[in-house]
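What follows is a structure written as structure tokens; I'll ask about it next.
Chain naming follows the written order as A, B, C, D and E, and within any one chain the residues start at number 1.
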Amino acid sequence: MVMDIIAGSYDLLLEYLTNPWIRGYLGLSLIGFIFVSAMAAVWLERKISADVQFRIGPCRVGPIGIFQLIADAIKLFTKEDIVPRKADSIMFRSAPIFLMVSVFLMLVAIPIGAIVINGVAYPLVVTDMDISILYVEAVSSISIIGVFMVAYSSNNKYALLGAFRNFARMVGYEIPFGISIIAVAITTGSLNIIEIVENQTIWNVILQPIGFFVFFVALMGDLGRLPFDQTEAEQEVVAGWITEYSGMRFGLGFFAEYIHMVLGSFLVVLLFLGGWNLPGLGLLTSIPVIGFIMPTLVFLGKSAIVLAFIILLRWAVPRFRIDQVVDLGWKRIIPLSIVNLIWAIALGLFLGA
Amino acid sequence: MLPVLSMLILIPLIFAVITFFTKTKEQARTTALTGSVISLVLALYMYMNFDSSIASLQFVEISKWVPSLGITYSVGVDGVSMPLILLNAIVIPFLIIYSWNEEKSYPNRFFGLILAMQGAVIGVFAALDFFLFYVFWELTLIPLYFMVSQWGGPNKEFAAIKFFIYTHVASLVMLLGIFALYFTAWSQTGSPTFNIQELLTQFQSFEAPLVKDAIFIALLFGFIVKIPTFPFHSWLPDAYTESPIAGNVLFILLKIGGYGLFRIMLPILPFTGTPNLMISIMALLGTASIIYGAFVALAQRDFKRMIAFASVSHMGFVVLGSAGLVSLSVSGAMFQQFSHGLILSVMFMSVGVIQTNAGTRIINQLGGLSKKMPKLALIMVVVFMASLGLPGLTGFVAEFLVLTSSYVNLPGYVLAVMIGIVITAAYHLWAMQRSMFGLYNEKLGDVKDLTNYQSLSMAVISLLVIYFGLNPNPVLDMMITNSEHIVSLLSVAGV
Amino acid sequence: MPEIIDTSSIINSYVPVAIFLIVGVVMPPITMLIVKLLSPRSKSKQKFTTYESGSDPTGDARIQFNVEYYIYAIAFVLFDVEILFLYPWATVYRGHGITSIATTAILAFIVIMVIGFIYEWKKGALQWSTK
Amino acid sequence: MILPAIPLPFYLILSAVVFSIGLLGVMTKQNGVRLLMCVELMLNSANINLVAFSSYNNDITGQVFVLFTIALAAAEAAIGFGIFMAVYRMKNRIDLNDFNILRW
Amino acid sequence: MNGITLFAPELTVVATALVVLMIGVFLNTESKKVLGYLASAGLAASLILTLMNLDANAVMYSGTLTVDALSQFFKIVFLIVALLVSVASIKYTENNEHVEEFFTLVLLAVVGMMMVASSNDLLVLFVSFELASISTYALAGFERRNLKSLESAMKYFIIGALSSALMLFGISFVYGLAGTTNIPEIAQNSAMLVSSPLGIVSIVLLVAGFGFKIALVPFHMWAPDTYEGSPSVVSSLLAAGSKKMGFVAAFKVFMIALVALKTEWTMAFAILSVITMTLGNVIALSQNSVKRMLAYSSVAQAGYISMAFVVMSPMAVTGGLFYILSHGFMKAGAFLVTAVVGYMILSENREAENVDHLENFKGLAKRMPISAFSMMIFVFALAGIPLTAGYMSKFVLFSSTIEAGLVWLAVIAILNSAISLYYYARVVKYMYFYPAEGERVSEPLPYALTLVAAVVGVLILGFWPEPFIQWAMEAAKVLIAT
């Protein structure tokens, strides 16, 4: 009885949800969600880093420093916005738009979980397109334009140097990133993230371990996380491309980076770790309320683990020199990705037409 | 049977190539002479076996070449071409002997070009296929171009190019005519052919008079520029003046324009849309050339230039004779070609000698050369008299035939030509008088007479001038046979 | 048989993208506007100089940069469009009954791609010069 | 409000505009790199056309064509930059007005 | 006869290209000489494979490729030219560290050309066209330290890129209006093309696009610069190969696909053809650089060949095709002679500039008799002197214009060909009648070999054209169904 009402109202909701405008406006709430996630990620990073270094980390604001980020945000809002005299003012001011647009557009196509009703999974995604992974890959590259605009408009040598490093790194890691996505597409037969998740009867990480490794490393390279953060290596180029940014302008860039990281970990989960599915979860999700929440939680949990791993990696691996990064990308990861591609083709043949 | 005619074309060409590869002057001239003597022998052999009593083609050789376009390799001779082939074969060896000791740069190329020219010209005379005809026709340009541009006078570059472009354009216009003829015939019969005889026969059945006239005019233009007649002669004075003597002789032997008239123009003339107009055009051109050439020659101070214009004047007789359209006038025109070739060769050779030995060829600066050069004087008297038409020499025979027989059809024109004849006599005599006789011009210093080689070659040709003047029948017979055949077509057409 | 493409549904699936795009474009300026309202302002000449480790900045930052970047850029552009062909191929590789011919084709493609890669490598185009 | 499909002429006008901008750039620009960018613009305008026609003709060929065009454009850009770089090494600029060795 | 057999010539060349590239990367400069032989062997093998299937007739790979008399004709032209160029380049690339790139690019360019010849789909046509173009852009700038070469490459590239953009834009309209890119199908679905104004737009764009490649005036600006500045062997490939590719593409697109719009493009080609031949010849008159002169002559020749579009009769297309075949020999040979002369001058003086100046041809007959003789044959052939390939082809082509009643066009063409004699004869005069200013230099074997081969080709086509004309007729039938 109750289940019928829920299911019926959900059907009504779904009908509303087929309207793209409604989906779009409702989806805007994801922006809030993702900012919160990013804050959580920052908090997580601080906490884990502190743990690794036998420190306590943020602890004053709220329980275990959980509101530290809110305090930081308030601080950033009240700081003075400085535009250097030699900077190209228009470009300097408009660059954050590109950074933000990049992550927002990624957000549109990435599901953040699913709701299972009557055994049918309804993914929580703003819009469903045929080539969403390709789209995500494309829009994520917009951020490089923002980075470059920041650096170029700052008219600062460190910034420009950082941006060039960013650029050199990115070109090396976009290719294996793309190739490993193709390998995933071969085994799952689609470029639609949701279909990729649904078609992962066996997780891709098991089918294509090399692919997972390549994708992960390439993702790290794309994100500019340690050990690939030559862009912002304090010891070498001060703060890299973002040197001249201060206050909330810095905050926007900073948030964009963290959102990028969160979304990146989402992608890892979606493409290789089975998304919101978990073996043996099928029974549980048939229960209405659990089915409502469980897959999303599973997804976020997996993502948190990946995120934590990324953060831990920061303290486990030392930063590479820029030439090492580029060499690694071109001479190790790309060949590896091609090996994986051939492996995926063989797999495809084996799995059958 | 031996392919005599093909050999006659190929042997000069082959020897030309051999000559190109010789190293020294001695080798070059010996090779060249060998080649030309062999062709002379072949030509004489052909002449011996030639039947002058029939108008049809003899020594015919036909083989396939490009069947899809109807192109064949076919050669043959008749009374029109035989004398001209003979003329070439006779004069070229003596031209080589004449040039025996001349100091030339690149003697191998010099003699090679002479032979190449001979091969090409004989090829034109022998060709029975329009394609082949045109190929040889164009081929004659190259040796002459190089002859003028390499060994010519001070203004050689200009003269060579002018000659080249001028006559090339004319032959391209002729080519247009050939194409038109070819395609019209093709569309009528349904199979392509380039055979001259067949195309000329086909021409008779063409329907559109305008097309016929256009074809005729296009072909005529190609020929009269080559002849050349006034007003299309302007390449000639420059080319003749600048050319070396051997080149001049080759120019003189290049009788392909007149040959084209007999071979191609006259057979189709009666079948054009407006035959009378065409006849008038030709007669007018001929008459104008005779008179104009004579007058301009009279005004020349340069010996060579004078002879050049004399040549224009002479060739006018060829055109006029063709336009006369009587068997004897056409034969006269043919004979004029033959005789012109002999006479003018010697005249140019004489000028060459004067030029090299006396150092100038401006008539006013010469004088009394006969005292120092008696042999030259004797030869010059013979050929000058022949050139102005003294009875007993070849020139007279030809001009007499042309004038008397053309009178039947073209009385007005012939009367006009009479003025030209007087002037011709005047400038010939004047030039002889000024240069050879009278007081010796001491400024010239000590002038040598002819060398043995020069006197041999010039004397032999001069003797031929006298011989054919007294007894023209050996060549005139075959000409008459053929011209009668040509003229007989007129009655068919009812002109 | 040509697939029928429903343009309308494609366009509609991008409506949210447009909404997000607009939000993305207006959000940073609004944020900065808020900052402008909240933050203090003080005039100081030194504050507006470019940061160069504290000393006065010299020259312009927009200098000629290393040509190596161009070589990498070219290599990147080429490889990136090469793998572009793999995307559509990958989606239809399985389940459309063309697997065997698709395998042959793609192996030839990969071989050529790898040859290009080896060529670049051997020619030193991938060598970061520390000159 | 579900959006209807965009009519074909809109695409064609867009592509014509882009094409014209590119052509204008090719005609007026002197810098090699800018020229190249303008050529890319022209190629992309053709791509717009192809995709638009492809979806309105219900025929996939146009989109396949676009894939190839993109690849070719990239190859062209690569070779162009290669040439420009070589030129730059010799002359230190890539202004087309400097190229005057070869003339008439 | 399955697809792979018929496609084997192209595959052979591709494979050779890849093998050459891979071997070359691992060899040191001294031993790279083998690459030239390898490339030539590959081309020869491909030529043999093509000759083996000369009469083949098939449409392959979902109708994207076609093998017929036309494609085989052009493939053989391209392969012959490429073979000449590649054999000559064995010497040219000696001691060069970039041998493998050179030969790979040559081979890839040839593949592009061959694919254009057998393409049956605008997509394949465009891609192959670009493959050949892009390879030749790089080849034109092969001498990286030579500013002339770079400049030529740059001009070639910019104009080439522009032309491909125009072409693509035109193709997009054709595709849109016909709903397909398959060439025969376009001809069937041409109702929209005829009725829509966009049809005319696409014609304009395509004429411009192909016009650039063919170097029709006013789209010829790049050609003289590029032919002059590029290495001579490359100019040879460009003039004799790449330009022919433009022709075959234009033949296919206009004569097969867009035949319904014949009235529109015939007029365009008539005007372009007349302007092209006239301007090309007139400007060539005043050139002192032999390569530039040949370039303008090449422009003029393109004008002649375009007459085939205007006349559009089987005979005219036969003439055009035969002209293309002969031009392949003549132009390739002539440019190779400039390569030999360049080699001669540079071997005396490393720093010599303007190696192709007419002055350097002085007394060539004494210094390099084989080259001088070959050059003489080539320029005479280009001028249309009887008994050479050039004469036969002009003969067929020009006569076809008269057949079609376009006497004015024939007159213009014939007058042009008369003018052209002047500048061709000048080269011969410099070679044969001016004193030599240096020692006798013996031609390196690869050069001598190619020159002799080209001369033999020119003479065979001139003396015994029958089988080739038959063959061209077969090919013409593909374009014009009679």
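Heads up, the rule we're going with is that contacts are C-beta pairs under 8 Å (C-beta built on N, C-alpha and C of every residue); 3 or more make two chains touch, one makes a residue touch a chain.
Keep in mind that what you see is a predicted model, and the values were worked out from it rather than measured.
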Given the touch definition stated above, what is the smallest step count connecting chain B to chain D?
-> 2
Farthest chain from chain D by C-alpha centroid distance is chain B
Farthest-lying chain, centroid of Cα atoms versus that of chain C | B
Any chance you could check whether B-E or C-D wins on number of contacting C-beta pairs?
-> B-E
Grab the C-alpha centre of each chain and report whichever is closest to the global C-alpha centre.
-> E
Could you please state the distance in Å, as a whole number, between where the Cα atoms of chain C are centred and where those of chain D are centred?
-> 19
Taking each chain's centre as its mean C-alpha position, how far apart are chain A and chain C in Å?
-> 15
Between chain B and chain C, what's the gap in Å when you average each chain's C-alpha atoms?
-> 81
Centre to centre, by mean C-alpha position, how many angstrom separate chain D and chain E?
-> 26
Chain E, residues touching no fewer than two other chains | none
Expected list for chain B, residues touching two or more other chains, is none
Residues of chain A touching at least two other chains | 20-21
Quick one: which bits of chain E touch chain D in the complex? Just the residue numbers, please.
-> 122-123, 126-127, 130, 134, 137-138, 141, 144-145, 147-148, 150-155, 157-158, 161-162, 164-166, 168-169, 171-173, 175-176, 179-181, 224-225, 228-229, 283, 286
Where on chain D does chain C make contact in their complex?
-> 2-6, 54-56, 58-60, 67, 70-71, 74-75, 77-78, 81-82, 85
What part of chain C is in contact with chain E in the complex they form?
-> 111-112, 115, 118-119, 122-123
Chain B to chain E touching residues, read off their complex = 65-69, 106, 109, 131, 134-136, 138-139, 142, 145-146, 149-150, 161, 164-165, 168-169, 172-173, 175-176, 179-180, 182-183, 186
Listed in rising order, the residues of chain C that touch chain A in the complex are 10, 12-21, 23-25, 27-29, 31-32, 34-36, 38-42, 47-53, 57, 60-63, 65-66, 68-69, 72-73, 75-76, 79-80, 83, 86-87, 90-91, 93-99, 103, 106-107, 110, 113-114, 117, 121, 126, 128, 130
